[in-house]
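After the structure tokens below, expect a handful of questions from me.
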Amino acid sequence: MTRRTVSRLRSWLPSGRTLVIAAPFLFLLIFFMVPFAAVVKISFADPQMSIPPYTPIVELKDDSLRISATLAHYRTVLTDALYVDSYLYSLEVAALTTLICLLIGYPACYLIARSDPSRRNLLLMAVMLPFWTSYLIRVYAWIGLLKNQGLINKFLLWTHVTGEPIKLYHNNWGLLIGMVYNYLPYLMLPLYAHLVKMDLTLLEAARNLGARPWQAFFTITLPMSARAIVASSLLVFIPAVGEYVIPEILGGSNSLMIGRVMWDVFSVNNDWPSASAATCALVLLLLLPMALFQRVQRREMTSGL
Amino acid sequence: MTRTDKVLGNAFLGLVFLFLYVPTICVVVYSFNESPLGTVWSGFSLKWYAALTTDDELLSAAWASLKIALATAFASVFVGTWAGFVLARFRKFRGLTLFTAMINAPLVIPEVIQAISLLLLFVALQQAVGWPARGMFTIWIGHTMLCVSYVAITVQSRLSSMDESLHEVAQVLGATPLRVFFDITLPLISQALISGWLLSFTISLDDVLMTAFLSGPESTLLPIVVFSRVKLGLNPEINALGTLFIAAVTVGVVVNNHLMMKRQRRRDLEMAALRSTP
Amino acid sequence: MTFDAARPQKSPSADLQPDFVQIIDVTKKFGGATAVDHVSLSIRRKELFALLGSSGCGKSTLLRLMAGLEAPDSGRIVVDGQDITQLPPYQRPVNMMFQSYALFPHMTVEDNAAYGLRREGVGKAEIRERVAAALDLVQMARYARRKPHQLSGGQQQRVALARSLVKRPKLLLLDEPMSALDKKIRQQTQFELGNILYEVGVTCVLVTHDQEEAMTMADRLAVMNDGSILQIGTPGEVYESPTCRFAAEFIGSTNLFRGVLAADESRLFNCADLEVPLQVHNPMNARGRMEAQISLRPERITLSFEPAGQEFNWAVGKVDQYAYMGSYTLYYIRLASGRLMAVDMSRMAVRAMQRAPDYGDTVYLSWGSDTLVVLGS
């Protein structure tokens, strides 16, 4: 083939660059975007006893094209007490978890970041270690601690802090403890990564100009870590909303988080359209925090700090 | 920092670590407990470990989980590295925002959403093409999707902080872009790849939700078995299993850390030696 | 500061191929900004050519265009008769030494140097030979097994040089080679590097913002600003006879005067800052009376406590500032008009005076007419 034909053919084919970009792009499209599209589609269908257990939206029957979509599920999902209550409850739990994680995690990260470089690594490893061990087993471990006959109550009774065992298992307390326990490393690791990069000379300059340690903290350190705080909080908040395992193991029967509701609706009731509608509603609910997270991530990636 | 500040600080950190480690310690301690009641200590015993070895359900589930975890780790490193490379190298292309969103989103989206959506995809596919049936393959894809983002972001950040001129000089010296990737890029991000691999392995081994949704009738994985047993209450064999996990991970993390510190220390010594010579 | 050409002249055979490297009307734009604006250059074989300019002037872009790391919007680049404009960097007979040296951190010195040859498919035995010879040349043979992080900055530079030279490129590009080195060892390294390149006989293009570096190392240099080349010439030519204000000010320092030049026999130049007119030696292309700029280097001015006794080309003022630099002292003299003139007096010249001028002293400045350079504005 002549050179010209080859180069003309080449101009038809996608360039090497396009192929390189396209491969992971396609993978993500197929296994991320398309599934979402499927969810949206099914949320408009009706449940029925078939495989799959929902009506087709577009069908060709008796030579006529029928399109049947229903918004009934959205109405249920957005108004039914079961859903609404569990949304609100999930948001509540997630927010509380995030707050407590911040209150515990930020000072802890700060202290670790400011300690000797030799100790720092050890401490960081100590924070990361639980993160790597099975979270299922660690959550399970809390059962033994939280039960009425569990260690915590035993300790409280033994030290006479209380006269009766406090109910910590299968209720909101246990849930909250379990959530904070699980999500704390998720908050601490990115926060620590940011705090350790912070320029200490800025604090020195502040001290030089007359600021007391607490003032320096509130006027310089805290604002500068604002972006990291937001990012790590979102990294806890958003997944926490949809948490399933922890409420199931440690939570009470009345503390229904949305993850549990969706599981039940999906697998127990086999009501796929409702579950899909609930999924879409959840995504919409979390759209704002997710967009915020995206924005903060991008800023974090482009700026040095 | 004043002395009292230091003492308070250390006390606070101590409490935090106590909080983080008490459950793990309990698991380890009670795995050696004679009594099946997790809250009463009746003597030292290894019987729960022995029970593990005869527990066929657990063992076969563990084996299946291991296989999937390995497959997931390799797949997510492969796809994640590719995606991270694209993000780092190509600053502008059509669909960049979408691409970035698809990478970032799985990090934050509640797993239940991803699980449901993937399941619906597979069901629809099965309807249309007769494949795939829910089972090991679908679980593998699901787990990979969970982990790809972590690898991609780690690789991307490692690549962006790398000296661009390393790739350029390799090209000038005669290496085609593909060669540059294998000779230069890959070796230099190897640490990110290894940590990504380990992270993916861990996530896959431990995952409940995605596995539950995407499992077929025959495939039961370890987390599912553990989860169903745990829901019923305390189960002493689980303590033994947990302790084994914890031991393995601890050894791994400590060894890795130790190696990293040794390498770092060697580097620091060399740098210091250099500073004294012209 | 004086710049004496201490370089050995290149052998006459260098002139055999005056157009060894040709840059023909090359333009490169980034977004709205033009980095390289219709630049044309010819570089002789075995020549060490410097692109001199401040940051953002386009010199690094031009270098990258030659290396193939960027593609020009228009124009051609020809090396030894071969048009390489469309070739990717890995197919060009061009090598580049980066500012950061860019040594592969995961390879030994030996492997770094051998990398280019391995990509070429050269046989193992030959690679070993050539790498050993290259490392010998830069005196890094002892460190062959070391890794880059175990080397000092200067050593890394030498390895980077060996890596580029071992492939025997037709053209070697150097991007700010000295910028990462300590000031003290810079000059020594400049000589060493220059000698090695001369020995090897490779054609080089060097990019720098440091005029000393360019003056020391280059056979010829080009002053660049805003994407265009302002002047090309030998270091001596550009220093002594700058063709424009930028060139005059960028290389060395100078006193610039703006005024009106009479092209008649008087060859007088009147400037508002000066009480006494300047008389130029050669009015160049001045026609009638025209506005011009005149450059007068500080080191060509003589200071004295007595008037110089010449009709033109002198001034009087008070010592406003001075900086003692050891081998020379830089004086700033304030004239009656308020204008400051810089005068560079060597140590010997100062000692020849009755005493060293001090703050507030009235001194007389004088210079010859041949020291004045008329610039095209």
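The first chain written gets the first letter, and so on, giving A, B and C; residue counts start at 1 in each chain.
In this section, a contact is a pair of C-beta atoms (placed from the backbone, for glycine too) under 8 Å apart; a residue touches a chain by one contact, two chains touch by 3 or more.
Source: prediction; values computed, not measured.
Enquirer: In graph terms, with chains as vertices and touches as edges, which category applies: line, ring, star, complete, or other?
Expert: If you draw each chain as a dot and join those that touch, you get an open line.
Enquirer: Could you compare the number of C-beta pairs in contact for A-B with that for B-C and name the larger?
Expert: So, comparing the two chain pairs, more contacts are at A-B.
Enquirer: What's the distance between the Cα centroids of subunit A and subunit C, rounded to whole Å?
Expert: Inter-chain centre distance comes to 58 Å.
Enquirer: How big is the gap, in whole Å, between where the Cα atoms of subunit A centre and where those of subunit B centre?
Expert: That gives a centre separation of 16 Å.
Enquirer: Taking each chain's centre as the mean of its CA atoms, how far is subunit B from subunit C in angstrom?
Expert: A distance of 55 Å separates the two centres.
Enquirer: Where in subunit C do residues touch two or more of the other chains?
Expert: Residues of subunit C touching two or more partner chains: there are none.
Enquirer: Where on subunit A is subunit B touching in the complex?
Expert: 16-17, 20-21, 23-25, 27-29, 31-36, 38-39, 42, 51-52, 104, 107-108, 111-112, 114, 121, 123, 125-130, 132-138, 140-145, 147, 149-151, 154, 181, 184-185, 213, 234-235, 238-239, 241-245, 248-249, 258-259, 262-263, 266-267, 272, 275-276, 279, 282-283, 286, 289-290, 293-294, 297-298, 301
Enquirer: In their shared complex, at which residues does subunit B touch subunit C?
Expert: 163, 165-166, 168-176, 179, 183-184, 187-188, 267, 270-271, 274, 277-278
Enquirer: Would you tell me which residues of subunit C are touching subunit B in their complex?
Expert: Interface residues on the subunit C side: 67-69, 88-90, 92, 94-96, 98-100, 102, 104-106, 115-116, 119-120, 149-152, 154, 163, 167, 185.
Enquirer: Inside the complex, what are the residues of subunit B that reach subunit A?
Expert: Contacts found on subunit B: 1, 9, 12-13, 16-17, 19-24, 26-27, 30, 38-39, 79, 82-83, 85-86, 90, 93, 95, 99-114, 116-118, 120-121, 123-124, 127, 141, 144-145, 148, 152, 157, 160, 177, 198, 202, 205-206, 208-209, 212-213, 223, 226-227, 230-231, 233-234, 238, 241-242, 245-246, 249-250, 252-254, 257, 261.
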